[in-house]
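The structures come next, written out as structure tokens.
The same chain A turns up in both complexes below, where it pairs with chain B and then with chain C.
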Partner chain A sequence: MTERVKKEPLMHISKRADLVWWKGWIIRAVAIVAALLVCALVIVWLTGYNPIKVYAEMIRGNFGTKRKIWILLQRLAMLLCISLAVTPAFKMKFWNLGAQGQVLMGALAATACMFYSKSSLPSWALILVMFLAAVISGMIWAFIPAIFKANWNTNETLFTLMMNYIAIQSVKYAVAVWVPNGSGKLPILNPSTHAGWLPDLFGQEYVVNILIVALVTILMAIYLKYTKQGYEISVVGGSENTARYVGISVKRVILRTLLISGALCGLAGFLLVSGTNHSLTESIEEGMGFTAIMVSWLAKFSPITMVFTSFLIVFLQRGASAIATTFQLNESVADILTGIILFFIIGCEFFIRYKVNFRKKSKEGDK
Partner chain B sequence: MISVIALFIKSTISQGIPLLFGSTGEIVTEKSGNLNLGIPGIMYVGGISGIVGAYLYEHSTSAPSAFLLILIPLLSCLIGSALMALIYAFLTATLRANQNVTGLALTTFGVGVGNFFGGSLLSFFNEKGSISTLETAKCFKAYLPFADKLGVFGDTFLSFGFLTYLAIVIAVIASWYLNHTRPGLNLRAVGENPATADAAGINVIRHKYVSTILGGMIAGLGGLYFVMDYTGGSWTNDGFGDRGWLAIAIVIFALWKPISAIWSSFIFGGLYTIAIQMPGLSSSSKELIWMLPYVVTIAVLVATSLRKKRENQPPASLGLSYFREDR
Partner chain C sequence: MGQVAIELKNITKCFGPVVANKGINLTVKKGEILSLLGENGSGKTTLMNMISGIYFPDEGHIFIDGKEVTITSPKDAFQYNIGMIHQHFKLVDVFTAAENIVLGLQEKEKFNMKKVAARVAEISEKYGFEIDPNKKIYEMSVSEKQTVEIVKVLYRGANILILDEPTAVLTPQETQKLFAILRRMRDDGKAVIIITHKLHEVLAISDRVSVLRKGECVGTVDTKDSSESSLTEMMVGKKISLNIERGDAPKEPIDRLVVGSLDCYNREGIKVLKDVCFTARAGEILGIAGIAGSGQRELLEAIAGLQPVRRGKILYNNPVNGAQENLRDKTPLQIRELGVRLSFVPEDRLGMGLVGDMDIVDNMMLRSYKKGNSLFLEHKEPRDLAERIIDELEVVTPDANTPVRRLSGGNVQKVLVGREIAAAPTVLMAAYPVRGLDINSSYVIYNLLNQQKQEGVAVIFVGEDLDVLLELSDRILVISSGKVTGLVDARSTTKEEIGLLMTKGSSMPERGAEHD
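So, the complex of A and B:
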């Protein structure tokens, strides 16, 4: 584009007025296929294995046994829950990168209830207390940056990012206090009484988690699409000035939305402790706080689409760790593949939003 | 007592240098309006490509020359991190993708690349153990011959490898470039208000590319410093830790000024040192000390937004993509 010739440039870019929805999905599908091809090349280059065999191994790693399928569903539920949590804030263009911290604070609060209650409470009451504590902690952790954003326009991306590390250190601090010497790892709490553990349903330990997240998904879809508050969120996200002009209190919307966002993150923390790990480490959310941001963005903030995008990511990660064990590779190959696929999907959005017009021989005014 | 203080200062400096590289790189990037959250990933890639380059060279020759031992890791580090930054620049500036999402994806990718090659490079050569490039590290750690003869002062301030001084020099140059040159002025204009810069005839896209790639290369050197100088030529997975994010914190703490990044990095490095080396600290109070840098950063962030002093604000278009066609 830098050459100085009198001709019209080789191509120019214009915004698409409207793209039929299925065309958009074709572009995305092409991008994913292209990404998988590049991933296959990378796998061959790194390992020399037949990529089809590797992909078959990925599928086996996800669906090979009943147990694997349950773990897949559980991971899907957790990632989906956190993605749903960050969505209302993103829709409002509030970049909450602090999901990690909010989840951790929820998990920390839930674990603290478990740790200090010993056997003073019946299990159902303990679960209730844990739930409330987790949700409230998540809300507080999200509310702090929201107050500053709403009142003084403090940069929320950087603020929430820093809050993550304070949460990580708080968790490490708590674990260090609870386990003063020895391994430095908190053992599984109440292994015999199962107090504070979410009950098994149909003989499966993760069913309750999955059902709760399914319910949250439906509620979030309805909330964003059919309620006044959901509408206010999209107006604020579209333009704050418009929102002010039509009489929406931007400040109130920001605070309210972040409370919801934080509450859901707290819920995820509660599910991780009560329904999954029954213990606490600072890496309990396994980077999902950041992954959730990509999941939510890929799904264009639609809760139902998010089921598929989080499935895609979880499938990749579980599949990649399966390849890693079978072919004796390093686990981190999952991150590389996820990264490549994300780059392609991120890049393809451009072709959905914009049209590239190549120079034509006859000059007709485009558009 | 003096020796304890000297030891503390030495350790502080070596903890601070990777942070200084990272934050200078991020400042240069952010001045163009690109909030590159991929910096932690870029630093991992910088480190791993440096060490892989060193490993391949050390194993290809029996009599390595000191010059190449420095040059090859340095070049491979710069190329690796420049490629990473190029991915970011292409996706955000040309394809106008969301900066936060792109940055986080880049970090996922970069940390994955670092840990993958760090963990399994040797298995490609059917060797066991972990990578170590002692010869190269020795060259990177070489210091002026007379430093030893200057007593405590020489030992404390002059006994570092050249990358340490390079970090400070780069920060000073970056500051001069941003504040006292015309291209630097243009760059700041792009970060503040790209539409105005565009109208003034500044090539916005090119500036974004150049500053993102330059910033990425500077940050990548932080990774190289870490593997060569700090750990002495070896790689441990996730050994670099969250220093990349700490570098982003320093950018805020230093109010987007490279000169302030120098002392900020050393303050943060000092806190790191206290947390690791202070005798008699319980493990729980160590965790609280590690928390301090982030708390302080938030305090600075809040204070700047409260005071609204214009020269202390983040670049106005930070995090936003620029489309000429959009109004």
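So, the complex of A and C:
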């Protein structure tokens, strides 16, 4: 070779063995601080506002008043409920992107019950019927792709995604039928009788929602960790071949798990209609079907950790819309900030898993 | 013997906290064959990957023809005339041999396949290869593919050749042929490095041996001054006996498992088992020999209820009630419900026998978690079992709650074999149970199999090392391309006889699908 070139790679990346738990949290904390700094730069650059004031507004937007705190908790509960719903399927490596559709179908069924019953049923009975209808609809919507996956190994990602569009249009269609005047907006149902509305508890309208989701969280944590069925989900997710090898019927586990997943989505739909909106639009789930995927992944499929990750997401979203109104910013600026923060939080997982080594200057000298 | 072709000085490479190579010095001269000997995980392949540009060393210097060089990519390695033949071939299946050979070469003029073929023929003649430049890779046997790989690096003008475990997939006869070629290359002045852990091959082929242990080079010796036992001692760090205590075969053997005219098709619809018949007897080890991918996996999976069977029977004689059960077309669960105690150590440990992300305790539960009517898991028994296995088989692990994925190959295998034996089987099937294991762990496994045999279990052992098969088994069933080509008595047969049976009547295309 003509001449010897001393070129060396600048750095290399290696897997960390075991990281002490608190070091992981330090990395996460550093990531959040870095995210806030970058956001501050963006805020100054784009708007010229004092970033500290903007951050304070974010906190005020979440915790400013009692009512705001209740709304925060309610949103947290809904997002958590849907995240819990997708988790068993994800743990099984069944990529259920159809939470949106399953929630919508649940909400649609619940609203239909409310709409057609008029006042023929006492409220408690109506609530029960709505609950069952919603859960069963969610189950059906999840079961269809599961059948195809279990029997013909179709791609569940695309399948569940397509089912979302059917669900969205079904809701639109139903609303159009129910509201023939063409406004396309279903008014709040039973505003005076409150039939089919979940009752207030301790004078607060969302307490029942929150309690139900708290219960589901605990049950899901137990289900995944301590029951035989939860164990089967982990085995199928870990290796389908191993599952077959020990005699687990992979098909049955897929079907059963998706029924659970769909039922919880249906429950979320029910809570949105009966416990929150008392009405229906096709955007009633506000994108939570997809946000839930992020919540579930960030928590590494642990239901208890999901309480925190869904809090984080809801906090960011609510804070973002608060600053958007207070400073009369475009919503997009708020979304940019949310995106930056999430980018750092998700990105720091890389540094928790891997280590970057910079090459020490190699001792020079020609022999 | 000529001047130094390549010299490594103080090479160190770490992967995270794992030191794969530490301060290694190595020289290879022109016209010499150097064996790089060491157990699995001792850092042989890592070291060679640094010469061929796949990894970059953390510290140290590489000299070629006395000049220091920096190799950061396989392309750099080519420039310095280094060629590596990897254990897993890197060939394009639908291309011909000639096309694969010139693949990636940047030549100024237009490709001229005739010229290429002529040059390939010239190389083949010089070193004694048998190669058809126009044959497609998927039509080739494993040894032909290997030939293509070797010609490929020679075509690029390699003067330093590195072969990573080249004999692992070859029959004894093919190995002999390969060695003849390597000797011719040596005589032509090329420097050859051969990675292996088979001692008798080291002694047969190399001029010098460098031994690695736990990432360090423990020494380089002249082959003529060394023996199997001295090399083992260097490799392991202590003297160990390499004898397998084979017990006597049972006087009046009882047929435990009878397989008759079994036909199987794989997912692609290719017939992988053809009219397979054999009997496994209680208290006996039945070895199964064959080139990798001859249908061994499908055979065991068919018995275990994991592979659909097109034709034939699988009969099990239950020692408890004397009943005869047909296992064909039954799921693993149904087989177990019949009271058949069939244990199976599959080839793909983490892909089939265990779940890598789960800890040892949870993996112990795999077979038994269903017991009882409770909705909840029972953790106590599996935990006791996990602790017993860790203790008895000396599994190296921080604790019983470590995911098995984090354990080394040998320890993963101990966990799996331990669990399968704990089920008190009457039939124990083990596919390549010592693949990737160090010498000590291998002998632990051999002893466990022997122990099971003494207890009256019908053991079926699929192996790749013929020496071990001969020492361990009572009878050896040889299969080739899914057909039984022979059943021999392990005490009286020879390696050569088995080698011939392994290639008898093989038709290549069906075997090709297995290896990509």
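Simple rule for what comes next: the second predicted complex is superposed on the first by the 347 of 367 C-alpha atoms of A that agree within 3 Å, B and C clash if a C-alpha of one lies under 4 Å from a C-alpha of the other, contacts with A are read in each partner's own complex, and residues count from 1 in each chain.
Note that a contact is a pair of C-beta atoms (placed from the backbone, for glycine too) under 8 Å apart; a residue touches a chain by one contact, two chains touch by 3 or more.
Because the structure is a prediction, the values reported are computed rather than measured.
Once chain A of one complex is fitted onto chain A of the other, the partner contacts of A:283 are absent, as it touches neither chain B nor chain C.
Of the two partner chains placed by superposition, A:65 touches none, neither chain B nor chain C. Residue contacts after overlaying the shared chain place A:239 against chain C, while chain B stays out of touching range. Within the superposed three-chain model, A:335 lies in touch with chain B and out of touch with chain C [touch as defined at top]. Comparing chain B with chain C, the partner in contact with more residues of chain A is B. Contacts of A:95 after superposition: chain B is touched, whereas chain C is not reached.
Once the two complexes are overlaid on the shared chain, A:193 sits clear of chain B and of chain C alike. On chain A, the surface patch touched by chain B in one complex and by chain C in the other comprises residues 14-15.
For chain B in complex with chain A, the residues that touch the partner chain are 35, 37, 87, 91, 95-98, 100-102, 104-116, 119-120, 123, 237, 242, 245, 248-249, 252, 282-284, 286-288, 290-291, 294-295, 297-298, 301-302, 305-306, 314, 318-319, 325.
Of all the residues in chain A, the ones that touch chain C in their complex are 1, 4-9, 12, 14-17, 226-229, 231, 234-235, 238-239, 241-242, 244-247, 249, 355, 359, 362, 366-367.
If you check the complex, the residues on chain A that touch chain B are 13-15, 46, 95, 97, 148, 152-155, 157-159, 161-163, 165-166, 169-170, 172-173, 176-177, 180, 184, 287, 290-291, 293-294, 297, 328-336, 338-340, 342-343, 346-347, 349-350, 353-354. Chain C contributes residues 14-18, 56, 58-59, 67-70, 72, 79-80, 304, 306, 331-333, 335-336, 344, 346, 348, 350-358, 362, 365-367, 369-370, 374-377 to its touches with chain A in the complex.
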